[in-house]
Structure formats: C-alpha cells, structure tokens
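Look for subunit A in each of the two complexes below; its partner is subunit B in the first and subunit C in the second.
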Partner chain A sequence: MSWYTIDTWIVIVGVLCAISCALPGCYLLLRQMSMMGDAISHAVLPGLAIAFMVTGSRSSIGMFIGAAVVGVLTAVFTQWISSWGKVDRGASMGIVFTTLFALGLLLIVQAADHVDLDPGCVLYGAIEMTPLDVFTSFTVAGVAIDIPRAAIVLLGVLLLNLIIILAFFKELKIAAFDPELATSLGINAQWMHYLLMTLVAITTVAAFEAVGSIIVIAMLIVPAAIAYLLTDRLWVMLVISAVFAALSAVLGHVSAIGLPHLFGMESTTTSGMMAVVLGVFFIIVWLVSPRQGLLRRQIFGKTVASKEDLMHE
Partner chain B sequence: MQANLENRPIATHEASYPLAIHDLTVAYSRKPVIWDIDLDIPEGKLVGVIGPNGAGKSTLLKACLDLVPKASGDVRIYGQIYRKNRNLVGYVPQRESVDWDFPISALDVVTMGLYGNIGWLKPVRSQHKAIALDALDRVGVAQLADRQISQLSGGQQQRVFIARALAQQAQLYFMDEPFAAVDAATERAVVELLQDLRNQGKTCVVVHHDLSTVTQYFDWVILLNMRVVAAGPTQTVFTQENLHKTYGGKLTLLVEASEALKNLGK
Partner chain C sequence: MIPALGNFITEWAGWPEALDVLLLQNYNTRLVVLSTTLLGIASGIIGSFLLLRKRSLMGDALSHACLPGIGLAFIILVAFGGEGKYLPGLLLGALVTGLLGVGMVIAVRNTTRLKDDAAMGVVLSVFFGLGIAIMGLLQKMPGASAAGLEHFIYGKAASMVLSDFGFILTITVIVIAVSMLFLKEFVLLCFDDSFAATSGWSVTLLDMILLLLVAAITVVGLQAVGLILIIAFLITPAAAARFWTDDLRGMLVWAGILGGLSGWIGASVSALLPNLPAGSLIVLVGSGLFLFSMIFGNARGILKRYWKHLKLKRKVGRQHLLRSVFEIIEAELRGESREPVNMAVSVDRLQKHRTWTPKRLHHLIKAASKEDHIESFDAHTLRLSEAGFGEAARTTRNHRLWELYLISYADIAPSHVDRDADSVEHILNPDMVRELEARLLQKESSLAIPRSPHQIEEKGVTP
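Our next item is the complex of A and B:
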C-alpha cells in the first residue's frame, strides 16, 4: 500500500464530511426522525440537477442554494401532507422524497448528453475524485499545496454546523426533548425543526459529491447511534459522534486502499468502506457499551436499580 | 377574526382573573374537541379539570398555552393574550409526552423551565442551575440531580417535571395528569406542593382522573365533556347529578371501582 498526497486529501475530505454529518445527525436520532436525513439527501437531487443544467457547472453557489432549498422544502411538504392529507409522517415522507428523487433522476438522464453527472455517483459519491477539483493552490517551503474545493466547502459547512449548534444549544435541546414546553416558553419548536432541517439539507448537499445520497445516511445516523450508546449527556454525545466519524474516514480510506490488496484485489471505494467501518464500530460498541451494551445486560440484568432508589419508592 | 378578538378591549373584570376563557372552540380536522368554553378562574385556587377520556381536557390546557390552533374564541392570562404574559405561566405536560431515554440529567430537565427567561443565544449560568437545584430540592429529589432521566422511577420523573414548573416561577400553572401512575408518596408530596403554591396566591389548573380524591384536593372543579358541564367551587359543583351529566352511564362503574380501591387501601 502506497500513500500519496491525494490520499491525505481524500482522508481530510472524508473527515470533514463525516463530522459535518454526525453533528446534525445526533439531533435527527434523538428526535426519532433519522429517516428525515434519508428523505432530504434523496430529495436534493432535482435541485442539484436543475441548477447543474442551468449553470452547467458543479461549483456554483446557485447549485448549492437550489439544492438546499429543495431539501428544506422536503421537510415542509412532509409536514403539509401528513397534517392535511391525514397520512402518517413516514408515508408522507416516502411520497415526497421518492417523487423528488425520481424527478431528479429523470432530469439527469435527460441531460446526460450535456452534463457529466452520472447516476452511479449520485448513489455513493466520488470522494476519490474530489482532490482533482482544486480550489486554490499555494506553495509553502517549496512544496506546492492544492486545496480541493470539496475540502473548503465541507470545512465551511462544518463550521456553520458548529456555530449554529453552539449558539442554539439550549434551544435545539429543548425543542428536541419537549417541543410543547419549548413552544409554550416562546422557543417555537417548529422554527427549530426547520433550522435543523436546513442544516441537514445544507450538509447533505455539501456531502453529496463526496459520498452520494445513500452513504450520507450512514454518516448522519451511525456516529450518532454509536455515541448514543456510550453516553447519557447530549454534549458528550456530539463529541463522541464526531470522534467516531473522523475515525471512520481515516480507517475507511486506509481499508479501502489496503484491505483488498491483502486478498490480491484492486482498491475499493472509500465512501463505501467508511460506511462499513461505521457499521463495524456500531456492532462493537453495541456489544460492549457500558450503558446499554448487550454484554452488560447479559451479565447484570436489564437495569440495576440501586437500593437507595427502592427506598425512595 | 382571530386578530379582532386579540385586539378586543379587555373587560375590566377579566384582568383580575388569572385565566379567562371566552367562547373557546378547538377542532382537529373539522371535528370539534372542545366547544364554546366560557370560564373565569379566580386567583389562588386549586382547580381540578375532570371528565371522561376524550373529553378535551388536555386540549383545553393546550389551547390556553397557544399550542393548538383555536377555531374561535380567546384566552386571557391576567387580562392579556398568552404571548404577552407567558412568563406568568408554568406547564407540566403529561409524563408520557417526552422521551425519557433522552441523554440529559434531571437537573438539565429542570433548567429547561428557565430557558424562556434566560433568552435566545444566552448560555445557562450557575445561578440558573442553583434555581433548578432548589426546585428539585422542593420536590425532594435534589440528590438525583445528576442522574440520567431514564434511571428515575415514574414518581421521580413526575417530581422532576413538577420541579421544572416550579423553576418557571409562574403565577398560573397548568398540569396535565401529574398524579397519573405515580406512587402514593409522590402523590402526597405533589399535593402538599400544590397547596403551598395556592397558599402563596398562585393558581393551579390540574387535569385529574381519580374522582375519589377530588373533594380532598381541589377548591374548584371544571367538569368537562367537550362542553363545560359545570364549573365552580367543589362543594357546590361536584355533585352526583353533574357527574352523571359529565360521564353519562359510565359513572357508576367508576365510582364503584374507586370506592372499592379506597376500601382496599384501608
């Protein structure tokens, strides 16, 4: 296994992408709306396709905004259909995102002659290609450094997510835990919902090129699920999810270029391997987690109530 | 129409009531849940909201808190619409309405009662935590402040919810079934707390299920079954006849059951 500068950039893009996704993912998981990430990540496709066809480039701000708007609209439409159409939330989500995704696919296939966006890349991204799209270059101590556009975009999104989550920490927390109390206190839970959906949409669009619309779901949900098993404090959960996200990117890429060679095969896709690594992490944590791990439950029984608690009853 | 009602001049008598409800109707998907509610709740009372399942008790509370849209009518809190006087109001939702596996401590939950006062974008400070801890102490579970909330018993969880409302330092409290599925010790502690609040001139509107304890706990009752069947001081309103009107045929069964349970307890 040989390591080039491009591998370093792939790992950096992977780490930024995975952490950006993990942070809003924690809130999706806690609000028991993990599949909203799925819905939004698929529904941004027509936004991307239309903006792509109009501007003819993948790097436009317009494309970014267009897709993010469609992502937020997914949340809005889902809300409307479930409240007006008397359809349950899951079903209305299914109606909205499949329709939008299909529309996006149709547009891409129709435009296939003019644009280089292929349906395969839509599903699992092309993180290996991201270092080739250079945003800016400079030379430090005689070494030329080419910063990929994807790294800049994902860094921006990561900072945005961090700033919003830190600034609205208590508002996002109360809206997730007890939306009615939040609204009664003047912290409109519906607005906080759309704020979160906007973050998810922006993050998904930024992550789209690197990991596509399927693998991004793993990035949103699995680190959050792992962290949920390991802690009972929200801020610790955010930190742990970010750590596992970053680990998955590093190990994912190393495994993608290293593992297959052990069996005499060609390197495989990094985004796919990142998701597999996350899955393996989850299984390990699920087995050994001190809080709700399988092993602990086998040994100590389900929940151990202390004597002091029983006295209190 | 709604806007007109909000600007409606306040009748002088209304400003003196903690809660004045006028012509209130709420409907879900065109089906009315509560119909033409008119109520003036006097200050410093423990008010029980009584009625069968589906009578609209929780909906009445939520309409007072602006959590569900009103089809008509309005609600005044100390003479003002809810939005203007929300800092005078404390709310205890049903315990099952939240996810108790959420990764937060009991103290975190109580501190949430202060988020409205703390204000947007401002962090929780140590003086807020002190208020929250004091509230936990008042309901007798200060020693559990750092526990994750799934590790609390049902009664302890309910105490944490009550503590959160206390931390709101309100004048008017809405509580949705605070006695549902709690142990006897918690029920006693909560009742004593409600009486303390009442003695400080605060008003508590409490959705309640157990008919056998109504006369013992509440100064005032609202008998609700989509409409207000009767409302007023417990001695005058909590009569066999009114209960029959509220519960219909199901009443005798309920009374017999609760009497039987009471005798069992002795």
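Our next item is the complex of A and C:
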C-alpha cells in the first residue's frame, strides 16, 4: 500500500462529504424521517439528469437549485399521495422515490452518449476520480497544490449546513422534538420541515459525485444513529456524529486501498468501504455504548432513555 | 433533451414488432416477458400483505441487503471451482444476507432506542456499501470474470435464459401457493394481529413466513428488475389495487393483475428498447398504472370519492331543507296542539332557520323541486308536495331517533345532540333505522315522530 497526494485529497473530500451529511442526518433521525433521506437521495436523480442534459456540465448552480426543488417535491408528492390517496406514508414514499429514480435512470442512460455519466456511479459515486477535477491550483513553498472542485463544493455545503444549523438551532430542535410546542412558540414547524428537506437535498447533490445516491444514506443516517446511542444532548450528538463521519472517511479509504492486499487483491471502492467502516462503528457502539449498549443492558437491565431527554439540556 | 429523444425514436423497432413481443409471438423475448409478468403477479399479491402490515419499506432494506450475498456467493462458488454465475447459488447468497439484513433491522429496533426507519436506513446503506466493496474486489479478482453481476443492481430482464425461467416459475408458484394457504392467517395478521395472537397463531411466526415470502420474491426479482427498484414491484401494484376494491381478496386479485400488467408491458417495452434499463421501464409502467388507479379507481379513487362527497353533500342539503320545513310547521302548529300537516311556510323564516344565504337556499329549493318534493314556491312562501312532506317527516323522525339514541346510549347532553346527530343521520340506512326503533321502543311509547329532545332555536335570530 502506498500513499500519494491523490489519496490525501480523496480523504479530504470524504471527510467533508461525511460531515456535511452527518449534520442534517441527525435531524432526520430525531424526526424519525431517516427513510425520507433515502427517498430524497434517490429522487434527486431526475433533477440532476435534467440539469446535466441542459447545461452539459456537472458544475452548475442550477443543479443545486434543481435538486433542492426535486427534494422538496418528493416530500410534497409523498404528502399528496398519502393524504389524497389515503395510502400508508411509507408506501407513498416508496412509490414516489422509485418512480423518480426510475425516471432519472432512464434520462441518464439516454443522455450517456452526450454527457459523461456512468449509471454505476449514480449508486456509489466516484470519489477516487474527484481529485482529477481541479478547481484551482497554487504553489506554496515550491509545492503545487491542486484543489479539487468537489472539495470546494463540499466545503461550501458544509459551511451552509453549519450556518443554518447554528442560526436555527433552537427552532430546528423544538420542531424536531415537538412540532406542536414549536407552533405555540411561534415557530413555523412546516417551514422548518421544508428547510430540513432542502438542506438534505442540497447535501445529497453535493455528496452525489463522491458517494452516489445510496452510500449517501449511510453518511446521513449511520453517524447520527451512532451518536444517538451515545448521548442525550443534541449538540453533543451533532459533534459525535461529525467525529465518526470523519473517522469513517479516513479509515474507509485506508481500508479500501489497504485491506484487499491482505487477500492478495488490489483495492476496492472507497465509498463502499466508508459505509462498511460506519457499519462496524455502529455495531461496536451498539454493543458497548455506556448507557444504551447491549452489554450494559445485559448487566444492568433496560436503561432506554426517551427522546424527550434530549430536550432538557 | 432533444438529441436524447432522437435516440429513443431511432431505437424503436415499429409497431408490428411491438405487437409480436406483447403477444408473446417473439421467441427471443417470450420467456422474459412471461417471467416478468409472473413475477409481477406474485409480488403484487405478497406486496398487498406487506402494505396492509405497514411494512412496505422493509422490502427496501431487504433488497439492498442482498447485494453482499451475491458477491460472497460468487466468491464461494469460484473458490470451490464451480461456475461463478450459477443463478440459484447467487440467489441463495442474496437470500441469506437479505434475511440477515432484515434480522438486523429487527434486532436494532428491539434492542436500542432507534426506530424502524433509522434501523432500516442503517442496514440498507451499510449492507449496500459492503456489497459495493465486494463487487469492487471481484472486478479485480484474478481468474474469474465477475462481469454481469452488476445486472442484479439495475436488473437486466434480457439476460434470462430457459433454466432461469424454470427457476423463477417454480419460486413464483410456490410463493403464490403458500400465500393462498396462509390467506386466512395473513388476513388476521394484517387487520387484527392481537386477535391472530389469541387464536393460536404466533404473530412473530406469521411475520417470519410473510418476510420469507417477500425475500423469495425479492431475490427472484433481482435479475429482472434489480435490487434498487424491486421495492416498487412490491409496493406500487398493491397500493394501486386499493383504489379498485374495499375487500382484501379483491385487493389481492387487483394487485396481481396490476403487477402482472406492469411486468408484461414493462418487459415488452424493455425488449423493444434493449439499451434502456429494464427495471426503470417496469417501474414507470407500474407508476403510470398507480396514477391512473389513484384518479379513476372505482372504489377509493379520487374522482369516485369526490363524486360520493358531492352526492352526500346534496343529500345532506336536501334533508336539511326538508327537516327545516317540517320543524317550522311543527312550531306553527304547536299552539294548536295539532299533528303537523303539510302547509306553506315563509321563505324568510326558512332562511333564518339554518342561517342559509338566500343563494344557497334558492339552490336547495331548486334541487328539491327536481325531486318533486316542492309543490309551489314563490318569493314569500314554499309548500312541499305530499311526497316531499312524507320525506320531511321521515327525515325528521330519523334525526330525532338518532338524537334520542345518542342521549340514551352515548351520554351526549341534549344541548349538544343536534350537531352530533347531524354528522351521522344522513348515512342511516333502513336497517339502522329499524335497529334504532327496536332499541328506543322500550323508552318511547309511540313510534310516531318523537318530539325534539332540545329546544329548536332559529339560528340567525339571537336567542
């Protein structure tokens, strides 16, 4: 196993991507809308495909707007089908996202001749290729540094997520735990809901190139789930999820290029291994979490705290 | 967009060939179309149970969790010197990890404070990631060609061969047979699981059988539809079926038909346009059928429900008008302590009685004259016909019976009963009226129109 500059950039892109996803993921998890993250990450595909077709490039601001619109539309369509058609919410979500994904896939395959896009990458991204797309380069102390475009985009989305979460910390928290209380305090819970959906959609699009539309679900949900098993405080949960997300990116890439050597093979997909590392973290925390872990429960009996505990910080 | 569309058109082979494919005349595509249709029927049936059990998205976790199993099975098959792409072997691997995934979802849900949705999200994405990592390894594995395994992700119906068809047929028939065998138990499970539990069936066992059937269908469907979109095969026809029927058996039939239709049309289109992903086409056909059913379904479709709503609204309006006329006549004659008889009432008073706008009242009266309930009507007075007066008496009687029933049996205060009765009486059918009569007979000496249990106030006039 050998380490090049490109590997450093892959890890940086991975870390930025994982942290950007983990933050809105915490709110999805607390609102019991994890599968909405799944739905949105599938559903943004036609938005992306149309943006690719229209602009012919992968670096347009229109792409983010389109994805945000489709992301919100997913939530709206799900709402319509479940209220007008009286269909179970989970099922209506399933219908909406499979339809949009199928449509997006069709568009991408149709456009494959015209736009450089691989249906395989739709699912698990191409984080290994991101350093090749250089945004800007400069020289520091005689060493040329090429900053990949993906790193800039993800950094931007990470900052956006941070700003929104800090600015609306109280509102998002109350809306997540108690929409009725939020309304009585003058916070528009519906508005917070769509704000969150928009953040998830934008983050999904930014992460799309690196980790695709399915691995991104791991980035959204697993760090949040790990953190939820470790703490009862919202801000601690956000920090813990970010730490695990970053660790998964580093270890994911290291194991993707290192682990296969143990079996005499070359290397494997980094995004896949990032999800696997997160899964391993999850299993460890599931077993040994100080308050929620299986071991602790075996010894001391049940200590499941309700989510209301998170309210009282 | 335009060049892409051009692509689409140049690929199109023409209508005669399309008809050949649809009617199973084309030898090359016959098996594919037939097996996808069968698969659609079976997944429609199983999906109905899954939908009623509110476990639709469990299928999503299951199908994603199949991916590492396919990769691992390939490695094991190659390691033992076999043909790596032996379909039953690969699908067995998929089944094992798929069920392991579902088991993990249940374990996480039951032993942590994480809910269903988070447990499914964790399992489906991590298993999928593991699958992608294994696939990544396989591509560079020496001495074995793993090309073609990726078809399980998006589905490639065209890659089916005769032996695959036999396999799919067997599994599909078994799944349908088992679900028919357990039909009664599954119905209980879906509608009343606590009752299923008391009647000697372990809910866990029934859930396990159901999940096993779902897993079998998912795994078999991987080849045709792919693991990302197979969930649509399980959810969409079942959800669409509910718009056509209110009855569970009917729903199973409809779901089978709609699932079969999406498989049949989708696979045919995909046979004609081989460059497009089969799974997507099948899903889009299914979604089209869903949209059609949601709008036009003759049991719960949007149009049907809207029409029913309008009809009820008309009926309610008519009954309100008739009852108001009756109540006014009753009040007029109270002083003379006579039984109400048909007589003309003042339109002005009628309008105040229920705070109707003049326009609305006029509209109601017009509708009532169409039913021959009105004998004469001018700007000041209104007189019901004999039929109209009879109907008015009957409506008023139903209303009072229902009010008395609510007061006697539902503990509703006389001062509130009018509004509560109002929300139900319009849907009373003759059987229910007889039942009310039977119950109230012991309380009331006569079956004539009971007196109103509350003061009838004229709304619009301040009391």
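The rule is short, and it goes like this: the second predicted complex is superposed on the first by the 302 of 313 C-alpha atoms of A that agree within 3 Å, B and C clash if a C-alpha of one lies under 4 Å from a C-alpha of the other, contacts with A are read in each partner's own complex, and residues count from 1 in each chain.
The criterion applied here is as follows: a contact is a pair of C-beta atoms (placed from the backbone, for glycine too) under 8 Å apart; a residue touches a chain by one contact, two chains touch by 3 or more.
What you see is a predicted model; the values in this text were computed from it and never measured.
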**OP:** Please indicate which partner A:Asp232 is in contact with in the superposed arrangement: first for subunit B, second for subunit C, both, or neither.
**Re:** first
**OP:** For A:Gln32, decide between first (touching subunit B), second (touching subunit C), both and neither.
**Re:** both
Subject >> Touching partner for A:Tyr124 - first (subunit B), second (subunit C), both, neither >> reply: second
Original post:
Of the partners subunit B and subunit C, which touch A:Ala218 in the superposed model: first, second, both, neither?
Top reply: second
Original post:
Which of the two partners, first being subunit B and second being subunit C, lies in contact with A:Lys173: first, second, both, or neither?
Top reply: first
**OP:** Report for A:Leu181: first if it touches subunit B alone, second if subunit C alone, otherwise both or neither.
**Re:** first
**OP:** Determine, under the contact definition given at the top, whether A:Gly279 touches first (subunit B), second (subunit C), both, or neither.
**Re:** second
**OP:** Between subunit B and subunit C, pick out the one touching the greater number of residues of subunit A.
**Re:** C
Original post:
With the two structures laid over each other on chain A, which partner does A:Lys86 touch: subunit B (first), subunit C (second), both, or neither?
Top reply: both
Original post:
Residue overlap on subunit A between the subunit B contact set and the subunit C contact set?
Top reply: 32, 86, 228, 305
Original post:
subunit B touches which residues of subunit A in the complex?
Top reply: 30, 32, 86, 167-171, 173-174, 176-178, 180-187, 228, 231-234, 236-237, 303, 305, 309, 312-313
Subject >> subunit A residues touching subunit C - in the complex, by the definition given at the top >> reply: 29, 32-35, 37-38, 42, 50, 53-54, 81, 84-88, 90-95, 98-99, 101-103, 105-107, 109-111, 113-114, 119-120, 123-124, 214-218, 220-222, 224-225, 228-229, 256, 260, 263, 265-269, 271-276, 278-279, 282, 286, 292, 294, 297, 304-307
Subject >> subunit C residues within the subunit A interface of the complex >> reply: 1, 3-5, 7-8, 51, 54-57, 60, 64, 108, 111-115, 117-118, 120-122, 124-137, 140-141, 150, 153-154, 228-229, 231-232, 235-236, 238-239, 242-243, 275-277, 279-281, 283-284, 287, 290, 294, 300, 302
Original post:
In the complex formed with subunit A, which residues of subunit B make contact?
Top reply: 29, 62, 65-67, 83, 86, 89, 91, 93, 97-99, 102-105, 108-109, 112-113, 115-116, 118, 120-121, 123-124, 141, 148, 150-151, 153, 155-156, 164, 183, 185
